[in-house]
Amino acid sequence: MFGYTVEEVGNIMVMQGFSGLSLFSVLLLMALGLAIIFGQMGVINMAHGEFMTVGAYTTVFLSKLAVEYDIVKSYFVFAIIAAFIIAFVLGYLIEYMMIRHLYKRPLDTLLATWGLSLVMQQVFRSTFGAKEVSAELPEWLLGSFQPTEGIDIPINGVFVMALALIVTVSVYLYMFRSRGGLRVRATMQNRVMAGAVGINTKQVDRVTFALGCGIAGVAGAAFTTIASTGPTTGSLYIVDSFMVVVFGGAASLMGTIASAFGIAQAQSILQFFMTSSMGKVATLMTIVIILMMRPEGLFAAKVRK
Amino acid sequence: MNALSEKLLGGKQGAIHLAILAVLLLVILPLCLDLFRLGLVGKYVTYAFVAISLVLLWGNGGVLSLGQGMFFGLGGYCMAMFLKLEASDPISTKIQTTPGIPDFMDWNQIVELPWFWEPFKSLPLTLLLVLGVPVLLAFIIGMAMFTRRVGGVYFSIITQAIALILSILIVGQQGYTGGVNGITDLKTLSGWDIRTDSAKYWLYFVNASLLILCIMLSRFILTSKFGMLLLAMRDKEERVRFSGYDVASFKIFIFCVAAMISAVGGAMFTLQIGFMSPSFVGIVPSIEMVIFAAVGGRISLIGAVYGTLLVNFGKTMFSETYPELWLFLMGGLFIAVVMFFPEGLAGLYEKYAPYFSITSLHTRWLKKVQKVSGES
Amino acid sequence: MRNLNQYCKLTKGFAGLPIACAIAGLMTMSQVFAGDFPTAAVNTTGLAVTDSTVKVGILHSATGTMAISETGSIQAEKLAIAQINELGGILGRKIEVIQEDGASDWPTFAEKSKKLLENDKVAAVFGCWTSASRKAALPVFEKDNGLLFYPTFYEGLEQSKNVFYTGQEATQQILAGLDWIAKEKKAKTYYLIGSDYIWPRTSMKIARKHIEQHLGGKVVGEEYIALGDTQFGSVINKIKLKKPDVIYAAVVGGSNVAWFKQLNAAGLNAKKQTMLTISVTEDEVLGIGGENLEGFYSAMKYFQSLKNVNNDKFVAEFKKAYGEASVIGDVTQAAYLGPWLWKAAVERAGSFDVDKAVVALPGYELTSAPEGYVKVDPNHHLLSKLRIGKWLKNGQAEVVYESGLLQPDPFPKGYQ
Amino acid sequence: MNPTEFILTIEDLTVSFDGFKAVDNLNLYIENNELRVVIGPNGAGKTTLLDLICGKTKATSGSIKFKNTELTRLAEHQIVRTGVGRKFQTPSIYENLTVYQNLEVSYPEGRSVLGSLFFNTTHAVQARVHSIAEEIFLIEQLNLQAALLSHGQKQWLEIGMLLMQDPELLMLDEPVAGMSAKERDLTADLLNRICKNRSVLVIEHDMEFVKKIAHKVTVLHQGKILAEGSMEKIQSNETVIDVYLGH
């Protein structure tokens, strides 16, 4: 068909399916942190992308050290953990200094965090320079492996997938299987009541926000394997992240996963059959139209008003 | 004063404030600034249109659109398309493969003018479309979202996405739109060279006067029952609905008006700066313009204008002295305004102006006098 | 007195910057003094020229997404100006720089050019990087009759009295490169891919015409990626399906890094796939990482690894000024030429007046450019050579091919 | 029985939220100038019933006829315009407007976009605002910001806002919640006065108050009508005592 052998087409379909999946895990990683911050707390964190960049720069920085001490093989795991911790702490501070004063005014958090993102970008620029940098990656993260001739499965793609899976599962366990998560959900559903039963809601807010940022940091670290690291890298991700979360129906983790999957498949398929930029437009367009018809997103439960 | 002027000027206070602004824009600034700085002010004023549109929509309507840049951009593009057609007459474009069409089309192997460019051959039609296209888009978006009661954050994010789509489209379809370069190298408006100094002065005054007009229009809307209903909706939308009002239609209307005002700003931008670029349609400018309004103080039309002027002067000055640091200031401003003076300039004015007003000075002076006389 | 004075100047110059002076030796016939050129005579159009100084502007993005690319140009222009000042400046006048930030925002470029020309009355501006910023600024330069030196390789289709283009226009960069790859790699099928804006699209248009009409090759795919898009899975699969002999790439910015990283991860490395790109210089390599580029080719007029006297000096100077780690890309070098060319123009004209300088420059031969000999063409572009660099793991390129001197042709017949 | 005698005719009305039937196959008839009180334990579906009538919630099946116009297909504001007014459980007024403005906004003219733009506060309007304010005991507070009113006064203000619309059917969800005994008496008089030329449908828990006003009482239980009739009859009704009064 179309002058290609069946095998060729088969291989492409396999790889195409895979790239759909890896795009899915990329979007999922981007969105998870936001799903917690926006979905659970209703805070519109426009600086989400910058928290990812924090993770990315952490990785780059550590990779430089790794090269010096010649531990390139193993450092990446630590890098991810470090990225999480740093982004987490930063998020904790930001919540304390800024966000907590704005819970009553969601649209204002949007403006304030936008301002924050500008500041962070400039901080990156002044500390790491305006030029893009790349992390020294361990061999085992490079290249691809070939189950059969003609099929290449990108290793970094697999890596990102695995990471996305781990993060998602742990978020799920935390939110729905742990006391901590219970407190979070309680607080978000009924702050007053939660306070009344002795939950330190302020603390919960702070940790929840920080957690979201931490996950963003992990995402950023992971993306050093597939994309660029520069002062303005974060701005590449922010809109997509919000699309995923909103499309999924802000409050639900399942929704986020589902919408990440849907968007990823749509985009990778459209971009295969149309030109890349038109593919992107088509995807966004579809999302917007669906959102207009179903504003509460895909997975919002119908409730009795 | 009678009902109408009352509504247009918004009472004695309003009239005074408007007059002060008018004098500042139309007399003082032109007198003290050289043409270059005045040109800058002219540019800022075009942003002020967007700022006041946001005062209507966000400050009073409680609906934050992160896509006002779209309407500014569309207005600008419509104007630019007309000017571009005029600039690319067969003689001046004879080196092209197809003379008589805009240069960027020629570069993209387009051999005849696309149908949607045709209307922009006539000025009246163009002026109509400058207002019409953005309003139509706003109407469609509004219909789709307000009738389904999409509001608050969701509205903001969706408008943002639409802005993104539009900018990707414009950049992608460069054969028809000029792509990322925008529509550049505009020369004359029906034979009148808009690049000359005299033209610049004229355009500045037209621009400023239009702004004053738009403020009066907005005043009219806000002081009417419509304005009161906007406030009511922001407070208890359900109640308004159950008082027999079709809430959606009101929101759609104010959204369209806001789009129209922004579009006027865009068109004036094109005329004064001499080109239009997709960098206005995107997300960043849309959000920056929100901060102009916020600095001015969301609910105050006049405040929004001062806010815009202030922020942009700050931006220009600061970026001249410390090119690499102005982002800190800009970002800091966003945070500070939101956290420390959500009322913006207008708020500060409300708070401190009475203290300096003639009457209060007078009374304080009287007190002093009495005190003195009392002692003697 | 004057001789003594001259002696001091020279020693100072030499003591301060021997290398720069050596360059200057080639560049200026002899040391000159403000005294010989009364301001009234050399500046009849009210530019910011005093008896001892002359103001110029540098206009690039120090902030925003483009700062990534434009920083190098700023550094190079400042370096050149510093060296010129060390040599006693131009017509005995020291150059004062006014730097403005374009902030990666085209309208701002227009605003700042206006400021530089109308307020600061600078004698020349070195700046702009993207075509969009140049297009925005151009009308201002033409109206105020300013003088702009533009460093980036670009799509051509432009020629202005007020602009000198020190980078290559499309045909210079594309044709020779394609000829080489077609001959060298026996390439028949090509896959064209670029970011979605005017420069890649115009370049690809020219490339396609050349491939189909002159090389008898076939374009099996043409793809444009939205600026800032970082996901290439599908595009790469399309390429795998078409199996082109050569990928011809003009991807820029953040996308560029993602493109190469994902291409490699998908198994399309230099061992399996030939790629010629026109958008990767040493600057980009910093972000992409040598290991992802190893073995791919770039078509540029300059590479840092170029072996010649001028370049050795230039690289040494640059690293001295901006640190060992700093790298020099094609555009950075082109930006470095700007001030020197302007100096030549002014000195040939014996005046700072734009009109005089503009007519004086064409025909000038700059023998001391790091890229080697270049000549200013009447169409305000430079005659220059094209090199093909093969990227090494360490982020440097090995020059594997060097063309003859190429005539710039901004409006190429048969390619439009 | 010929439905046209009734101002409101509800037949086979059902609504279910994901299977849970909040109102189940309900029939209800209200006559002109009748003051009907609906009582019932929490979750009986009282508020949902009002939501259904005024269109806040869409019915799953069944019909609601008001003066022979089918309401189930109309949008909220259209329903209001047919002459149905509804007061919410928690007083819903415009806190940052004055009492006067609250009433003026509710005046049933200039309801279209353009209408509201060119609406002028005529003497007629002012007169009406004053008379209503008189009626709801807020004439003194006309220029007070609504946020500053007491809870009871807010309840009255909302009733006043409805009266401005001069509806033929007035639905009140717990009008005396949070009122002092004195305020309750005043409200009772108010309701008895205003139901002279319109029908009123009240949801209330306070039996004393119900006694004072009710012409007829309907008892809802689990979305169904348990009993209907005069207060005396209801109070003597075994099942009712069982499920409700007994507790």
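Letters A, B, C and D mark the chains as written, and numbering starts fresh at 1 in each.
Just so we're on the same page, a contact is a pair of C-beta atoms (placed from the backbone, for glycine too) under 8 Å apart; a residue touches a chain by one contact, two chains touch by 3 or more.
Keep in mind the model is a prediction, meaning the values are calculated, not measured.
Participant: Would you mind naming the chains that touch chain A and likewise touch chain D?
Facilitator: B
Participant: Return the chain label for which the distance between chain Cα mean and whole-protein Cα mean is smallest.
Facilitator: B
Participant: Once you count every C-beta pair in contact for both, which comes out on top, A-B or B-D?
Facilitator: Of the two interfaces, A-B and B-D, more C-beta pairs touch across A-B.
Participant: Just grab the chain with the largest centre-to-centre distance to chain C, centres being mean Cα coordinates.
Facilitator: Comparing chain centres, D lies farthest from chain C.
Participant: As a quick test, compute the distance in whole Å between the mean CA positions of chain A and chain C.
Facilitator: That gives a centre separation of 37 Å.
Participant: In angstrom, rounded to a whole number, how far apart do the mean CA points of chain B and chain D lie?
Facilitator: So the centre of chain B lies 44 Å away from the centre of chain D.
Participant: Considering chain A alone, which of its residues make contact with at least two other chains?
Facilitator: 122, 125, 277, 280-281
Participant: Would you please write down the residue numbers of chain D that are in contact with two or more other chains?
Facilitator: 56, in rising order.
Participant: Mark out which residues of chain C touch at least two other chains, giving numbers and ranges.
Facilitator: 62-63, 196, 224, 226
Participant: Sort out for me which residues of chain A touch chain C in the complex.
Facilitator: Going through chain A, the ones touching chain C are 4, 8-9, 11-12, 15-16, 18-20, 22-23, 26, 122, 125, 129-137, 142-144, 146, 152, 154-157, 225-233, 235-236, 267-269, 271-272, 275-277, 279-281.
Participant: What residues on chain D touch chain B, complex-wise?
Facilitator: 54, 56, 75-77, 80-81, 85-86, 88, 92-97, 101, 104-106, 108, 110-113, 116-120, 158, 161, 165
Participant: For chain B, which residues count as touching chain D in their complex?
Facilitator: Checking each residue of chain B against chain D gives 3, 220-221, 224-226, 228-229, 231-232, 235-236, 238-247, 249-250, 253.
Participant: If you look only at chain B, which of its residues touch chain A in the complex?
Facilitator: 58, 64, 66, 144-145, 148-150, 152-154, 156-158, 160-162, 164-165, 168-169, 171-172, 283, 287, 290-291, 294, 324-325, 327-328, 330-335, 337-339, 342
Participant: Would you pull the chain C residues touching chain B in the complex into a rising list?
Facilitator: Answer in residue numbers: 62-63, 99-101, 103, 105-107, 110-111, 114-115, 118-119, 130-132, 135-136, 138-139, 143, 155, 157, 196-198, 201-202, 205, 224, 226-227, 411, 416.
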